[in-house]
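Take a look at the structures listed below.
Look for chain A in each of the two complexes below; its partner is chain B in the first and chain C in the second.
Our next item is the complex of A and B:
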């Protein structure tokens, strides 16, 4: 088991390096002179040249790449923002909790609602409960989260005045963002749960459990669900990435100072160190979450565990 | 000659079977109908629109739905219905071409990995691993930052961001097909590699990609609208639905109808494609249907 985790952890190194290289290379080819972006149109040619020298942007690609990778992985320095002249790493670390909180809250809501919804649908296959929950799921998958966010703001903030429309603060500020971030997840999780539950629900061990007189509730949640969990966990993992992406947009709507609003402002003001740093940073966070998903896999599914322990024994 | 005849006959019957299955699925047919109506609206928009999509009527700003303006007017007095009808062109073109682009590029990459296997496969798959560890929206934002704004740039960004999913799927299917007898047979009669890949392997491993593509037209439309919404895709004066939503945001307190209708248009489009995609999946792979 330990060997599996270690192997998976080591595999993170090339992934993270690769992400940094790809992002750097992408933005390297972006048109536009950084010195010009910083100094504006009033700068003289000498000033521009001096700044290019200080920034090191007139050096060849490989030299800059190696320097960038060194900065990122040895000094944890993602660069300095063109517009605010502050450290990108510092700003990202300051903003990350907001983004993560929103993403995790959305994910938690999705699992808490989506899973029971899917189970209900599978247990009542082709009956009213199934039809209604699958219709809701279809609507949920099709609704763009940023539009839902605006609808929720119109209803709960503008018309009913129950919740604040934007900003950060106590719990009530997070309700609307988390709710709008979770619909897509609720719907996908419900659909996946339904189909993988339907696959296991007719297996012999479920029939056996019923024949033994195990309570129906226990049959569903104790025998069937754990065996249907693997594809659901995979989906929850990928949903995390989707929600992280969705959060980037929701932050703009709700005025949450997170990584997403930082990144989108940076793109429009062509603040490339921020874009580059933000992408690398979020990709690293995302990879760590996927690592955790893989570990949960191994813990949930004794077959995977056994496979690795079996190998160790050989 | 006889050989090709039997093969087309067989293909046709499989295609017919899928079609028959699909026809029986009421939800899928409704989805298809809605989608076709929308395509028709987009194509004939100039003839159908009650007003021009840029015509500003300064005597009728922010009007809620009335008989004159069925879906109301926006902050410049432009007719929302007309703008939505014309805007369907943007969403459909971006959704369809980016998906086609992503699928084409994905097929190229995936078939190279799937056919050659070994080291080539290994390198391609590791690169895809890296690309996939960047969440899709984030990758699209980064690509949009590099390429810039506008319809063509957005299509490019969305196509490139979508490659890895298709490549992976095709490769997995090709690995299954690769060792079958008919591939060995075509190798033994000295077919070129390109011919084996293009006319033998791809057709036999492409069907799961079609389902994914239908679904991803839907998600690509949402992604394109999201990009325009945050100001990275199509720019405001164009009646792109996401850009219209962004424009209406400032008026959300007083005139919510400006943001309700564009979002509804996106949702109906995406819903119809999802219904069609669900039906197509059930028809192509009856195993998945429970």
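Our next item is the complex of A and C:
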């Protein structure tokens, strides 16, 4: 198991290196002028050229690439923002907890609601419970999170004054962002759970359990659900990784300084060090996330654990 | 699952669905109700004084029944992100609470936003408007007790210059005494000296070098305020210092005013959330777009402060040989006569704005009132059609492209109006809606477009003209590649201290208008609303139209 973990960790090095080179290359060839964004529309061409020189964006591709890779992989320095002159690593570390909290809270709500909804739908296949669950799932998938966020703000902050409309603080500040961010996840998890459960529920061992007189609740949650979890864990892991960099709309609406809004602003202002550093950082986070997912597989399914340990499945 | 539990489940689901739909409907209805209760257009009358100008409409301050305030602090919202408080960065990255309140410069604009007045400087002498001998006060201390001397001034200028974002026209600076420096600038154009001495924050070299992040999170300045709390990306709080170095109030610069003890700026990126924050009391004051201003218009709980922004919209023509507009004056004139500025104000700014009468803001100090009565290509379709024919084109023959930034809603809408206007005379206008950085790559090269939309703001028109049309800035042509020696001659004829006369300024304005190389469209009104309890009676805006709260006046203060 440890050997597998170590092997996966080593595999992350070429992955992150590849991501760094691809990101750098794409940005290098993307047209756009960071100097214009920094100096504004009043700037003259002479001033723009001076700043381009200062920033080093006029240097050749290979010079910049080698310097960048050296900074990242030898000095572990993701660089300094062109516009704010702040350390990219520092900014990402400052913002990551907010994004993590929003992601974890949203996913927790998604799992807590989506999983039972999916199980209920599977158990009641083609009956009213199934249809209502899937209707709700469809609503969740179809409802844009920013739109739901605005409606929740109007209802809970403006009309009822129960919750703050924005900001970062105690638990109450996270309720509306987490709820808004969870709808898509609820729907996806519910649909995936239903599909996985339907496969498992017809298995021989489930029929056997029922025949042995095991209570229906135990059959579903004790025998069927654990075996249906693998694709659901994959889905949750993927969503977690995607949300790390994809919560920008919610971050903007709720005034949360997170990784997503940081990267989006950097993309539009051609703040290359921030974009490159942010993408590499997210690639590392995503790789770890997928590694964790693989480790959880082993915990859930002994057959996978046996494979990791190099034993023959029995 | 048993029948009972299934029934329970269905009940919960049913109730949940009804609840969700009901709640969302309630939220939606509420929003609609607030909109039907007021109307942006007609409410201008309810808000007190309003004025329909020749084009567009403007509204004026509404500060009736403002009580004497007992508030010592204000929390306000702004959409700009605050991630750093460093002194030497590009435009708009650091809030004015820091640039004006925490840091100080040698000189600063006075209340009129035109007159330069000493701040850290005690006095200045020059014989040729190129070499300046500046003396600073000998009792300047920053908020950490560091004594500021000429060495710090020299260090600060070098730090700003090395950042690459400022002092492009400063040739050198040297220490001439413990409290005096000599600054040499490359030319004596209007605005060169101003820019040199009012944008460079003077900080203690020792303190700056000791800072691990270049004052990014804990700035130390000589100003009236000190940072008491900074949460990057969330909020910034500054508090008035009681140990400000300039004890003699009569010698304090206007920008050193501190009419409020504590100010907190909240970062609220989303425009509608700014309005929500103001409604819910999370903030006391905000500048918000007209589109979300309905709940506050005519609402007696708020004081209303509109401002016609000094930052307006302009349209430029390409001078590159590929473009049919480059060497065809009649065609450019035809296009300008076809543009309905009223419609642009209505569509892009909900009707709140003013047209411009020259290429640049009407608020500029060298703007001439007589220009308001001139025919500045006033909308005339028949004239446009006639000029188009004189230019040698028939309807349907021309396809032009205009470069714009898609993310700036007002620019996009203005382009759409122009597209409609030009189609009325038979010109097909294609809008190239690029994102900002891409736009920045192409805007100073006329080969990529026929027309360009942009904005420029300066406190002098000649500075704005020079920034966009001065050949020395763009390799011998204007920013849109127009090569016209006479234009450059006239620009140089009004740009410098010795020739900046009304006659010379008017001569350039007239030539530019006649040639129709570039054209001032309109300037929007920005809306600021303050809760009545704040007690604001008179706002102060800096030269680019930003409200600076420490210099505003409050009832009872």
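Here is the rule we use: the second predicted complex is superposed on the first by the 274 of 314 C-alpha atoms of A that agree within 3 Å, B and C clash if a C-alpha of one lies under 4 Å from a C-alpha of the other, contacts with A are read in each partner's own complex, and residues count from 1 in each chain.
Just so it is clear, a residue touches a chain if its C-beta (ideal position, glycine included) is under 8 Å from a C-beta of that chain, and two chains touch if they have at least 3 such contacts.
The structure presented is a predicted model; accordingly, all values stated were derived computationally and were not measured.
Asks: Touching A:252, do we find chain B (first), chain C (second), both, or neither?
Replies: Once the two structures are laid over each other on A, A:252 reaches both partners.
Asks: Under the stated touch criterion, which partner chain does A:59 make contact with: chain B (first), chain C (second), both, or neither?
Replies: Neither partner.
Asks: Figure out whether A:218 sits in contact with chain B (first) or chain C (second), or with both, or with neither.
Replies: Neither partner.
Asks: Hey, is it chain B or chain C that touches more of chain A?
Replies: C
Asks: Kindly classify A:151 by the partners it touches after superposition: chain B alone (first), chain C alone (second), both, or neither?
Replies: Once the two structures are laid over each other on A, A:151 reaches both partners.
Asks: Touching A:199, do we find chain B (first), chain C (second), both, or neither?
Replies: In the superposition, A:199 touches chain B alone.
Asks: Using the superposition on chain A described above, determine whether A:208 touches chain B (first), chain C (second), both, or neither.
Replies: Neither partner.
Asks: Once chain A of both complexes is superposed, is A:26 in touch with chain B (first), chain C (second), both, or neither?
Replies: In the superposition, A:26 contacts chain B only.
Asks: Contact-wise, after the overlay, does A:268 reach chain B, chain C, both or neither (first, second, both, neither)?
Replies: Both: A:268 reaches chain B and chain C.
Asks: Starting from the residues of chain A touching chain B, keep only those that also touch chain C in the other complex, and list them.
Replies: 31, 150-151, 153-154, 158, 252-253, 268, 270
Asks: Any idea which chain A residues touch chain C in the complex?
Replies: Within the complex, chain A contacts chain C at residues 31-48, 50-51, 53-55, 83-87, 90-91, 94-95, 120, 123-124, 127-129, 132-133, 135-136, 150-155, 157-159, 161, 164-168, 216, 220, 252-255, 257, 261-262, 265, 268-270.
Asks: Can you name the residues of chain C that touch chain A in the complex?
Replies: Within the complex, chain C contacts chain A at residues 1-2, 6, 9-10, 13-14, 16-17, 23-24, 26-28, 30-31, 81, 83-84, 86, 88-93, 162-165, 168, 213-214, 216, 231-234, 266-270, 272-273, 276-277, 279-280, 282, 407, 435-441, 443-444, 454-458, 464, 467, 470, 472-475, 479.
Asks: Can you check the complex and tell me which residues of chain B touch chain A?
Replies: Those in contact with chain A are residues 126-127, 129-131, 133-139, 141-146, 148, 218, 222, 225-226, 229-232, 245, 249, 252-253, 256, 259-260, 262-263, 266-267, 270-271, 274-275, 278, 288, 290.
Asks: Which residues of chain A touch chain B in their complex?
Replies: Within the complex, chain A contacts chain B at residues 14-15, 18-19, 22-23, 26-27, 29-31, 125, 138-139, 141-144, 146-147, 150-151, 153-154, 158, 195, 198-199, 241-242, 244-246, 248-249, 252-253, 263-264, 267-268, 270, 272, 275, 279, 282-283, 286-287, 290.
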